[in-house]
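Given below, in the form of structure tokens, are the structures.
Presented sequentially are two complexes of subunit A, the first with subunit B as partner and the second with subunit C.
Right after this comes the complex of A and B.
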């Protein structure tokens, strides 16, 4: 390949090749290679998933009631979301219903994850793509204070407060040991915040680091720990006992008060710190309109947060559901996870093999045989890769397609689909933000749009927690304290051969689990996760994935500093441990481990 | 070779007089009296923060996520003041070759004086290429970083035992750190993930006392892993009284009875959950109604369903066999028999040895 047209992009691999490996500040690690032209504009992009763990092979033959714990370990950043998809898949297969309180508590836990994950992403994984930490040393704390107070009434905003932070930062930098900030791209011209805004952002980086540990205590109350709280097929494991004997051993008034206070503080932090920071930073970058990729063409969301227990239809789901293809925003297609024609995975450019790699397979029929091989144009060796050959297999991530289309998933997809459907909870915040920034709707199809949608969603999720908490209290007032349905807990009550699927909207996008249960054991298990969609390599048609598309045509201020590449990749919040997975109908035991 | 804070200031032309003034200001800003000034000055003059290289193999990043949940000390203070986290894929600013060059710099400049923290494990299948970093197998990076480290910490069950990707059939040949780095001790801090404050306590112990914590024979710090969750569980009196949860959300569940019959692995799991608890002491799995999964134990994924009860409790003792007792679970054993046997075993053990089985109310 030298030039190749796909999805409205012209790929050209003739220019200088730049390799970034590892891409950091993501869950796991990945590799990206781009070709830039003489003006340092990206003309070809290649993203490679660089790890594989094989969890679905491991699930074969296990008790389906245990699957949530295994799949939860797919990712410890979006902790809990795989567990939720898993218990839903098992319940769907076995026809198990859950009590209303269990649905509410699961929603609270999932919303809690949304807020936590988005907040940590914005401040700790993404902010350094926009914020120059070293520049903050030059700020005048008085100006920083004025800026902060003009944005919000968050109390930590005095000149003295920012001076203290700056002094601490100065001492840190003067120590000569920059720790996490070593070798950052400080001073790169792509950074646009003035020094006082940088100082405010650094202060909030530290505050958010302190506060994120509070949000997750909702998981701890209902699930016992975070990361990796506990879940249950048929409901939730925590019993409720408001005022009877032994109430201290269950969810009681003290526990509910703790949850309530965390929700209130979370709403305050998101609305008074996160959203104002997002708006301020976006204001300084409003004309950096790169990174849209296929977001204006193909978007997918399964929907989530059922308002009615056991009803996963679009009318019950508070998070938007649907698919947009070919840039036709006037039509939102319904998505059916059980339809073999809709969701299929291809492996023509992935390190797996199919008997016929021109075809895709639906997850229930999924097949994975790892097949690590490098193309003839690879530079380097098999264990020291200098340059990938993207015309051959080049990633541990498969290529999922919806009716043949690569699809972007995530907060931006959810907000665009919600906007197009006219859902005011998703339309109004977008319109308001765009008005504030004086930008047209098309501006949302960008790196910044993805980052903004994530912030707006964090606020939505925080407020929705309060709404569900009130519903929980209403149920308790009415005397309903049930949290689990154990009618089909005993495997003896199960049918011999059933299939099911479960889905959720993980923080990073649409997440589906498919399960086949035979003779009370897992026969097959498959997860198609958000970063599989977003990080997918090319498919047999030569279509590129959302990461690759989003990097296209972006100019780099300095070709040897991949700041803009990181910025756009991070806007997807990649999760690499999630993305690379496998199902094998006959995984073989490898009991002996040979140490090289 | 290793510059201290004071060295850096002097190199930048700052006088000792100014340095002492800075120390006074620092003492004042920290709310400390004048007596603290010489101590601060001494620390800054003599101690560079210990560099930590935190590398990631096959894992899910739950260990990093847990670490930043630490409430005492706050993660912020660990990162800014206690150590120098010069490499951590998940949080570091640099990427690509700018990131990888940090490893070379630290290994050279702080040879024998940095801590290597490993999250996840190396897969050895496919020549290590199930985990590729910088175009090379992760296991190579692990070996190189380990060679010059002062201490090696294995964070979590992946690095300590293998964890979920090493569960049967272990398709990638995921291998715990101590089976690859065999020429020196590896400090194992197991759990999926470990408790945040356990992680920060282990590392600050090493910085404060300048030595590795005392380890058991399996390489775990005794201070957190020498007793079973069951030994210190606040629901233990219900176990002894034969009061069990029999079904989810039943009367026993609502009264906080023992979860033994629901498969709780507390009786065979060495960890600090029932004492240190999780997320600033808010709760731990049993307190929130689900049995312990045994996530800090070797091969806990391959011991049958999490809902099968622990059947073989005949080896009950507290510390006598802390190093030897494994996960001994047989699936499908009748509930009544096992529970009765367990209670009897405990009673018998106490009568015989008088070893410190914790009494209720202590």
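Right after this comes the complex of A and C.
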């Protein structure tokens, strides 16, 4: 290839090649190679998942009721979301219904995960792509205080407070333990915040570190423990006894009051700190409109947060469901995870093999047979790849497609789908933010749009928690304390051969699990995770995946400091732990960059 | 070091919170060592109520709340010390993160190194920490077993942890008979996990591009673990990290 047209992009691999590896800060590996032209604008992008994921094979022959516990370990971060997809898949296969309270509690757990994950992502995994920590050392605490007070009535905003933070940061940097901050390209011209805004953001980085410990207590209350809360096929594994006083295992009024107060504080933190920070940072980058990729063309969300137990139809799902293709925002298609023609995974450019690789396979028929081979234009050796050959197989990630289209998943997909469906809960916050920033709707199809949608979704999720909590309390007060349905717990009640699927919206996008149960054991299990959608390589038609598309046509301020590449990839909240997990050879988590 | 005022009082073994944390991914062969140590400790010993025994998995930064809540911490993990496989080695306090900077340490240590850095930044790093680590044989066998060499080291590592807790003045009892650990769902407990594991023939389980030097065809197609490949080869052949850093 030298030039190739696809999805409105012109791929051109003739310019200098830049390799960034690894890209993620936590949980998993990813490598990106781009070609830049003479102006350092990206003209070709290649995204490689470098780790093999084989969870499916571990599950073969196991008890379907245990699958959640294994799938919870696929990923070190979004554990609960895999567990949820798994119990739903088993329930779908076996026709098990769950009580209303179980549905409410699962929604509370999932919404809690959304808020927690978004908050940690924004402040701890993504903010430093926008915020220059070192510049915060030059800030004036007095003007920082004025800035903070102009944005929000959050109480921690005095000059003394910011001076204290600055001193702590100085001591930390002086100690040489940059630790958390070693990943940054401090001083890069792509950083746009003034020193005061940088200091404010660093202060909130620390506050968010501290605050996240509150949110996860909700998982401890309902899931029995954190990390790795417990789940149950047929409901939730938590008994409720309102009058109980410290009964072991049972959730009582004292625990519920704790949940209520955490929800209230979460809403306050998100609305008074996270959203104002997001708006302020976006304001300084409002003309940095790169990274949209295919977000204006093809978006997918399965939807989540059923308002009615056991109803997973579009009308019941509060988190939007549907597919947008070919940039036609006037039509949202329904998505059926059981339709073999809709979701298919291709492996023409992945290190797996199918009997016929021109065709995709639905997950129920999914094959996970590894086939590591490198294309003829690979530079380097099998064990020291200097440059990947993207015309051949080049990733451990498969290429899932919806009716043949690469699809972006995640908060931006959910918000755009909710917006075009006319749902005010998604339309109004987007319109309000764009008005504040004086930007048109199209501006949302960008790296910054993805980051903004995540923040707006954190707020949405926090408020929805309050709503579901009230519903739970009214159920309990009316005497309905059922949390599990064990009618079909006994495998003797199961059919001999059944298939099912379960889905959820993980913080980073649509997650589906497909299960085939034969003779009461798992015959086949396939998970298509959000980062498989977003990080997918090319397909037999030569279509590029969402990560690759999002990097296209982005100018780099400095080719040897690919801050813009990290910024855009991080905006997807990539989580390749689903492919496996971190292996850091020398304690450094810096991206390795090679320019050729 | 802790800087919050309440921590300036002397450690009280009867009331101050202590965290015993096993980290790692139990789906990845020897990577599960830390979690199996925590599991074994819970099955064989009785801990006082001030001690939290935790399967930290690979949660990285999400473990921060638990770490900052602890006054002292015992950490179990698979660590690449560059020692012979199965070597148990103890690292203390400030050397834990520094050691990780000197040489690769554990699979998820970046995640955990960040936790320690964040705790430091918040001024709430546990005042005493001990890392009880073992040198793994193989961490790339996805779904594979804990190697016998490491399995044999679990009791030793657990004993070191227990001894440390007792040194700190905590009263740790020995259980008369083993009970099942309530650390996680019973299906993940060591014996059922390994008993239900498909064979490597049924489920090819190799690792990633950085370990491909070890791989030979599996089922006649893809790569698979090649017999006789040493640990050294695995650690030396990680292509992405041989390049110069910027």
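Everything that follows uses one rule, which is that the second predicted complex is superposed on the first by the 567 of 596 C-alpha atoms of A that agree within 3 Å, B and C clash if a C-alpha of one lies under 4 Å from a C-alpha of the other, contacts with A are read in each partner's own complex, and residues count from 1 in each chain.
Here is the rule we go by: contacts are C-beta pairs under 8 Å (C-beta built on N, C-alpha and C of every residue); 3 or more make two chains touch, one makes a residue touch a chain.
Values in this document were obtained by computation on a predicted structure and should not be read as measured data.
Between subunit B and subunit C, the partner in contact with more residues of subunit A is B. When both complexes are overlaid on chain A, the residue A:369 reaches subunit C alone and has no touch with subunit B. Of the two partner chains, neither subunit B nor subunit C is touched by A:427.
Within the superposed three-chain model, A:21 lies in touch with subunit B and with subunit C [touch as defined at top].
In the superposition on chain A, A:213 makes contact with both subunit B and subunit C.
Of the two partner chains, neither subunit B nor subunit C is touched by A:260. Of the two partner chains, subunit C is the only one touched by A:353; subunit B is not. When both complexes are overlaid on chain A, the residue A:57 reaches subunit B and subunit C alike. Residue contacts after overlaying the shared chain place A:566 against subunit B, while subunit C stays out of touching range.
Shared interface residues of subunit A (contacting subunit B in one complex, subunit C in the other): 19, 21-22, 25-27, 29, 31, 50-52, 54-55, 57-58, 62-63, 66, 69-70, 73-74, 76-77, 79, 120, 124, 168, 172, 177, 179-180, 206, 209-210, 212-213, 216, 227-228, 230, 370, 372, 380, 382-386, 396, 561, 577, 582, 584, 587-590, 593-594.
Across the complex, subunit A is touched by residues 3, 5, 7-9, 12, 26, 29, 48-49, 51, 56, 58-66, 68-71, 74-76, 79-80, 83-86, 88-102, 123-137, 139-140, 163-165, 167-175, 179-180, 182, 192-193, 196, 235, 247-249, 253-257, 273, 278-280, 282-290, 293, 295, 301, 305-307 of subunit B. Within the complex formed with subunit B, the subunit A residues making contact are 19-29, 31, 48, 50-55, 57-58, 62-63, 65-66, 69-70, 73-77, 79, 120, 124-125, 128, 133, 164, 167-168, 171-172, 174-185, 206, 209-210, 212-213, 216-217, 219-230, 232, 234-235, 237-241, 244-250, 258, 370, 372, 380, 382-386, 396, 481-484, 486, 489, 561-562, 566, 577, 582, 584, 587-591, 593-596. Subunit A contributes residues 19, 21-22, 25-27, 29, 31, 50-52, 54-55, 57-58, 60-63, 66, 68-70, 73-74, 76-77, 79, 120, 124, 168, 172, 177, 179-180, 206, 209-210, 212-213, 216, 227-228, 230, 351-353, 369-372, 380-386, 396, 560-561, 577, 580-590, 592-594 to its touches with subunit C in the complex. Residues of subunit C that touch subunit A in their complex: 25-28, 31, 54-65, 68-69, 97, 100-105, 107-111, 113-114, 116-118, 120-123, 139, 142-143, 184-185, 187-188, 196-198, 202-210, 212-213, 215, 218-219, 221-223, 235, 237-246.
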